[in-house]
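The first chain written gets the first letter, and so on, giving A, B, C and D; residue counts start at 1 in each chain.
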Amino acid sequence: MLELIFAVLLIAAFATLFIKSGRIAAIISLIASAMPLIAVMDWANDFGIKAFSFGVENSMDFSIAGITMHLSITSFAWFFAVMVFSLLPPIFLFSYSFFEKNNGFFPFMLFLITAVFGILLASDFLTLFFFWELMAASSFILVYISRDKKAIMSYLAFSVLSAVLILVGIALLYSQSGTLIFSDIVLNADKVTVSAIILMVAGFAVKSALMPLHAWAPFVYSKADEPFVAFLSGGLSKVGYYGMFFMLFALPGAKILHQYFNSGVATYLLAVIGAISAFIGTLLAFMEDDLRKLLAYSSIAQLGYIAVGFGIGSSLAMAGALFQAFNHAFFKSVLFLAAGAVAYRTGKWKISELGGVGYKMPFTFMAALFAIFALAAIPITSGFAAKWLLYEAAVSNKYIFITPIMLIAGVGAFLYSFRILYGVFLGENRHDDIKEAPLPMIAGMFLLVLPLIIFLIFPGYMLDMMHSALVDAGIGTISHTNYVIRTGTASYNTLAVVIGMMVVMIPAFLIYVLRKQKKVDFKDNFLAGEPYEFYGYISMHAANNFYKPIEDVIMPYLRKGAISFYTALYNAMGRVSDASRKIYTGLSQDYTIYIIIFFFIIVGWLIW
Amino acid sequence: MVTPVLMIAIPLLAAFLMPLIKKAHRYFTFSILLLNAILSVLLFAKVYNDGAIYETIAGFSPPVGIYLAVDNLSALLALIINLFATINFVTSKKDFKFSMLYLLGVTGATGIVLTGDIFNMFVFFEITAVASYALVASKKDEKAVEGSIKYMILGSVGSSFMLIGIAIIYSQLKSLNLYDIAARISSMDPKMMWLSFSFLLTGIGVEAELFPLNGWVPDAYEGASSNIASFLSFGPSKASIYAIARLLIIFSMSRTYELALYVGIATLLIGEVAAFMQKNEKRMLAYSSIGQMGLILIAFSLIKDTSYAIPAAFFIIVSHASAKSSLFLISGKKGFGGITSKYVGLAGVLSLIGMPPMAGFWGKWYLLMGIADEKMWAVAAVIIFSAVIEAIYFARYLHKNLGEGESEDLGYSIPAAVMVSVSIVMGILPLIYNMAGGVLNA
Amino acid sequence: MMWPEYITVAALISIGLYGVMAKKNLMKIFIALSLMETGVNLLLITIGYIPGGTAPIENGNFAKYVDPLPQALVLTAIVIGLSVTALALTLLIWYHSKTGTLEYRRGMRW
Amino acid sequence: MVVEKIAVIALYTTIAMFVGILFMGVGRKIVARVHNRVGPPVYQGFIDIAKLLTKKTNISHGWIYDLALLFSMTGIMLTILFLPIGGVKLLSMEGDAFLVLYLLAIPALGFALGAGASGNPNAAIGVMRALVMMLSYELPFVITLIALMIYYDTSSIAQIVEMQHAKWAIMIPPFVLAAAVADMALQGMLMEAPFDIPTAPHEIASGPMAEFGGKHLGALMIYKAGTIVAYTTLFVDLFLGGGVVMHDGSVLAYLANFAVWFILIFLVFTLSLLINTSFPRFRIEQAFKFYWKYEALLAFISLIWVYLMVIS
């Protein structure tokens, strides 16, 4: 069965490579992408969750070039697999309408899925790295389709950086333990192992866009095709975190780091990096005018929280981190898809050029609205439960630096949420001639919203899902019922919040919303009945330079960021390159001198 | 009935018959190359099954006789050279002289790989080198001629050095047979041994594009027409780097391996760094080739210590031969211009930077595993650095070629696609094979 | 030892190398290359030479053979050198007809 | 049991609203006196709200616009439910300070929706200012909150209140500093001068509320009343022991605690009003700098102080 799934994915990938029509390719991809999801659902039985069963075996060995690749599912990989593969059918459903022509999105997306499936199933380092690279390659081609220079260059450079960091890490571990199979590896707290763990965590962090290694994200997220970006931000970043989770808790690297440094300084550093990611990502997000860049920085910020959870490493924090990962997978996919739907209808990306889309595309707006609530962690969404767990974890460990930064980043999320709401969906109605997005797009987005609603009322289900992952990783779970989470010091009852909210909302809803009234043209609001032409064309849309006052204060401090650092590095490297090429003077006389010098040097070196 | 001699003799004879077959020379040459490729497949199969072949020519026994020695790696290299030569020749549109030179070049490269005699190696070097000079110049414009002249000057200096090295060895051991030399190398006067090694390394290093002996590389690649640049990158350079590997095995001393490692690192760094900002596409690919040769040399320098070195070198050679040759084939015009070129470019670049399912992935994997065996972390750092540099300039290369530009020439891009698919096949063939088996079992 | 021969070899090779390194005119460079090849060929012959030895023709006097192999090698090397020189001159003619000079115009570098 | 609880909750929220509306009137009176005016009667708030709620609105700006009201009412009501009032824990065992922080942000997002849907640029600017203000004052406030959490080793407000039975937080040296910081944050939360930037009536026509009228405005006034109670109660709960003076659970204790709570929030509110009357309005970036530079620094000093106290 497992071979069958790989075979179906690959055959579908090759088939779609030659299909011109985006519609047919989308249907094929949709069916193919359901295969791993079925397998994942099937494996739920293994991890304490009752589900239907097809009898998909959960481990398998391939032999390649004299090396055996071991595949088997583990509880933590399963948890990540659930979140990653649930995203795919809705995304392909969305793509059915998004792509008129198959521009290469479908085949490489399917290769990407194959790769991700392989990464999550890998139980030795060769398999892990092989599929990791396959993922990097296929996602690079998906970026390449976007034709944007910065996106292509930064993505390839950082993909390769991540790959070689991981490869060197694997090599270091291999040199220490002499095996590549996860279950056989025994780690000691020595220098080589510790550097291997750090290198590999850094390598995985590239994919999860953690702060100093995030420089590719704004470019790629803002230029590649939206369905792919939805998966990149929702799914692939989680694969990076799966790698980190695996290194730190399954292997278990965190303990080794702790032993080696005699304190939790290394993991604390990870948490600090995550918190700074969240903080700076948020600040950059709300000052961004490009909708997709805004979402990119918001992704960086939201993903930072997961790193904080991993860094703290207590059961609370891990539950929060995994919960946050799950939520982020869904709400960010919805947001990117909604951005795609908006662009599909309007062709615009700049927030200052959009406006009033929500009046014409109410269902898209509904989906996006709910995703934004989850993003901002409004307590009526599952987004809050995740962040609550993280805050609790941070404050109960008395992290006086991380906690306020995380909290203020959480507040900052409201700022960019409003920017999306006001700038794109509400405000001045500039798009009288657009229609609602096509049905498959809406269906795709609502399918992705569904889990957010389920886990809003029953966060306990989510904690059940991650239960075996956390137990297997030796972290331990927290006490909870279906709707109450308890920590040592506090508890959070979603039912109380939701019922309380309903009790207040329903009467107000009845009083204020269910009335028969005349709808006012929104233009009357700010033109006071004057004809529109009276002012000539004045944009009443205040979304341009929206946070200007605060931007003026903050920006000077953020000007020297990671991206400008990398640009400077690139330029410096360019100068070195230009200088070193001067060796090739174009004169055979000089080259002969080099030969003589080389000869005498090696003679000297060898004889003396 | 497959003997390695045929693989040298047939194209050599065919080359000299060429003036007689002026009209159908392209079909003739192509069929000869195809025959050679088939022979090399059979040869590889034989060597793979029965072990290495040692064959003497002209009846003398070693150490005096001419001697061919074929092991797994050399059979593979012969296969690659002949296979790519066949594919590459499809793009040739020149007259019979070109075909003749081309056949000579292939003969020489094959001979370098298969021979077991150091002076024969020199002769084959000269054959392939003289053919390559002429081939580079065959474009007949100023750049081609200038590149060819530089190549020729440095090549001649290099061959003189090589001959001096051979003379020193012969004066000491009275033997030219590689295995004989290898067996008795320790009986040489150490100073003479080091001297001869230095001469040989310098001499072969010129052809093998090692820093700082590679001054001709960018100019010759830039001047040459696309298919000749492609030929240079899978033919002479690969054969020469293999010759250096043999040289290292013969002078099997830790100092020589160490030296090779340092030279490899220097070559890798200089090549990649120089390519980083190079705007001229062919020059960039040439510098990148230099870097890759350094990588191969690093892999070879680990031969003594780790069993990962040979597969690493092999996969990098395959990856580089197929990817760089195909990139050269589609280079030389504005933009990829078509879907075939675009995917060839992508696959080539992905193979070079070592991503699966290309051969380059396995090269990178085995190389790093070998380095792990040796715990040479500084080398690992250099490889990280150069990989990132390489990724950046190849990304820029890919982006630059995205523009519409001229439409692609399928006569070039389809052979390029076939070449690059060799890299893919080498990377994934076992995988498909196993998965098909798995499906059947289920 | 045969110092005069070796000194001649060293001198020829050095002069050749000097010419390749220092001369601007491509023709002179190729002349220097030929000189260098001559030096190398002389080296090969010197290696095989035994003072007082005869030509390696079978006449029963085995001990006084000059080593025949180097001479065979030199023959090959001379042929190769010849072909290289011929090609070089062809290229020079082409170069001159394209550029009107026999020096590098330094268009190709870096 | 459940019915009792619901009855208590309903009672307390109603009382809280009345208190809030009363405070609005009192506030106007106090401000007027400071300005040396007579001012409206203290029950003016009730009159205004009654009048507005009886008005009929004939026009609609669409359902998104109405969400503003739903969200603001919901947010503030829930906040009150999750805060202990005079030691009475309504729902505050079911959530903690983080929940309260986020619940307090719901109205802001609601306003964002409403302002956006109304299409009025002034409203958008007002919301922008409100959100920036939120970002500004939350930093120092959150830091003081964390100081409290670390000191009492809990994040539940109810437990923080309980643990202050012996000694109010404000009597502990570092929390004097923290309370001063939190009071300035409170000034921002209540949108009183010098931080009345978001509504700024003369500048941007009351900002987010620009388009609201009739029943909507009435509901907003109730919301405003709710915010006064909620924020002052939060401050009292955190630093002044929630106004709890008797712990025996008798009826008398209930009454006494309630009375003390009432007095304390009145004092806090009055203090805020006095600051309000004596300062002109900051610009938004000045407010931001004020909170993030000086306030945050002071708050952080108190946090480190507390941290050192706890770990030693």
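The criterion applied here is as follows: a residue touches a chain if its C-beta (ideal position, glycine included) is under 8 Å from a C-beta of that chain, and two chains touch if they have at least 3 such contacts.
These numbers come from a predicted model, not from an experiment.
**Q** Return the chains common to the contact lists of subunit A and subunit D.
**A** Intersection of subunit A and subunit D contact lists gives nothing.
**Q** Which pair wins on C-beta contacts, A-C or B-C?
**A** Counting C-beta pairs in contact, B-C comes out ahead.
**Q** List the centre-to-centre spacing of subunit A and subunit C in whole Å, with centres computed as mean CA coordinates.
**A** Going by mean C-alpha positions, subunit A sits 66 Å from subunit C.
**Q** Any idea how many Å lie between the Cα centroids of subunit B and subunit D?
**A** About 76 Å separates the centre of subunit B from that of subunit D.
**Q** Roughly how far is subunit B from subunit C, centre to centre by C-alpha average, rounded to an integer in Å?
**A** Averaging C-alpha atoms per chain gives centres 27 Å apart.
**Q** Return the distance between the CA-based centres of subunit A and subunit B, expressed in whole Å.
**A** So the centroids are 42 Å from each other.
**Q** Can you tell me which residues of subunit D touch two or more of the remaining chains?
**A** In subunit D, no residue touches two or more other chains.
**Q** Check each residue of subunit B and list the ones that touch at least two other chains.
**A** Where subunit B meets two or more other chains at a single residue, that happens at 149, 153, 157, 218-219.
**Q** Going through subunit A residue by residue, note those that touch at least 2 other chains and give them in order.
**A** Residues 578, 581, 584-586, 588, 592 of subunit A each touch two or more of the other chains.
**Q** Using the touch definition up top, name the residues of subunit A that touch subunit C in the complex.
**A** So the residues of subunit A in touch with subunit C come to 578, 581-582, 584-589, 592-593, 596.
**Q** In their complex, what parts of subunit A are in touch with subunit D?
**A** 356, 358-359, 373, 376-380, 384, 387-388, 391-392, 395-396, 398, 400, 403-404, 407-408, 410-412, 414-415, 417-418, 421-422, 425-429, 484, 489-493, 496-497, 500-501, 504-505, 508-509, 511-513, 515, 517-520, 522-523, 525-526, 540-543, 546-547, 549-550, 552-553
**Q** In the complex of these two chains, what residues of subunit C are touching subunit B?
**A** Contacts found on subunit C: 13, 16-17, 20, 26, 29-30, 33, 36-37, 39-40, 43-44, 47, 67, 69-70, 73, 76-77, 80, 83-84, 87-88, 91-92, 94-95, 98-99, 104-105, 107-109.
**Q** So in the complex, the part of subunit D that touches subunit A is made up of which residues?
**A** It comes out as residues 57-64, 66, 69-70, 73-74, 77-78, 81, 91, 93-96, 98-99, 101-103, 105-106, 108-109, 112-113, 115-122, 124-125, 127-128, 131-132, 134-135, 138-139, 142-143, 146, 149-150, 153-156, 159, 211, 215-216, 219, 283-285, 288-289, 303-304, 307, 310-311.
**Q** Which residues of subunit B touch subunit C in the complex?
**A** Result: residues 64, 119, 123, 126, 130, 133-134, 137, 140-143, 145-149, 152-153, 156-157, 159-160, 163-164, 166-167, 170-171, 174, 176, 218-219, 222-223 of subunit B touch subunit C.
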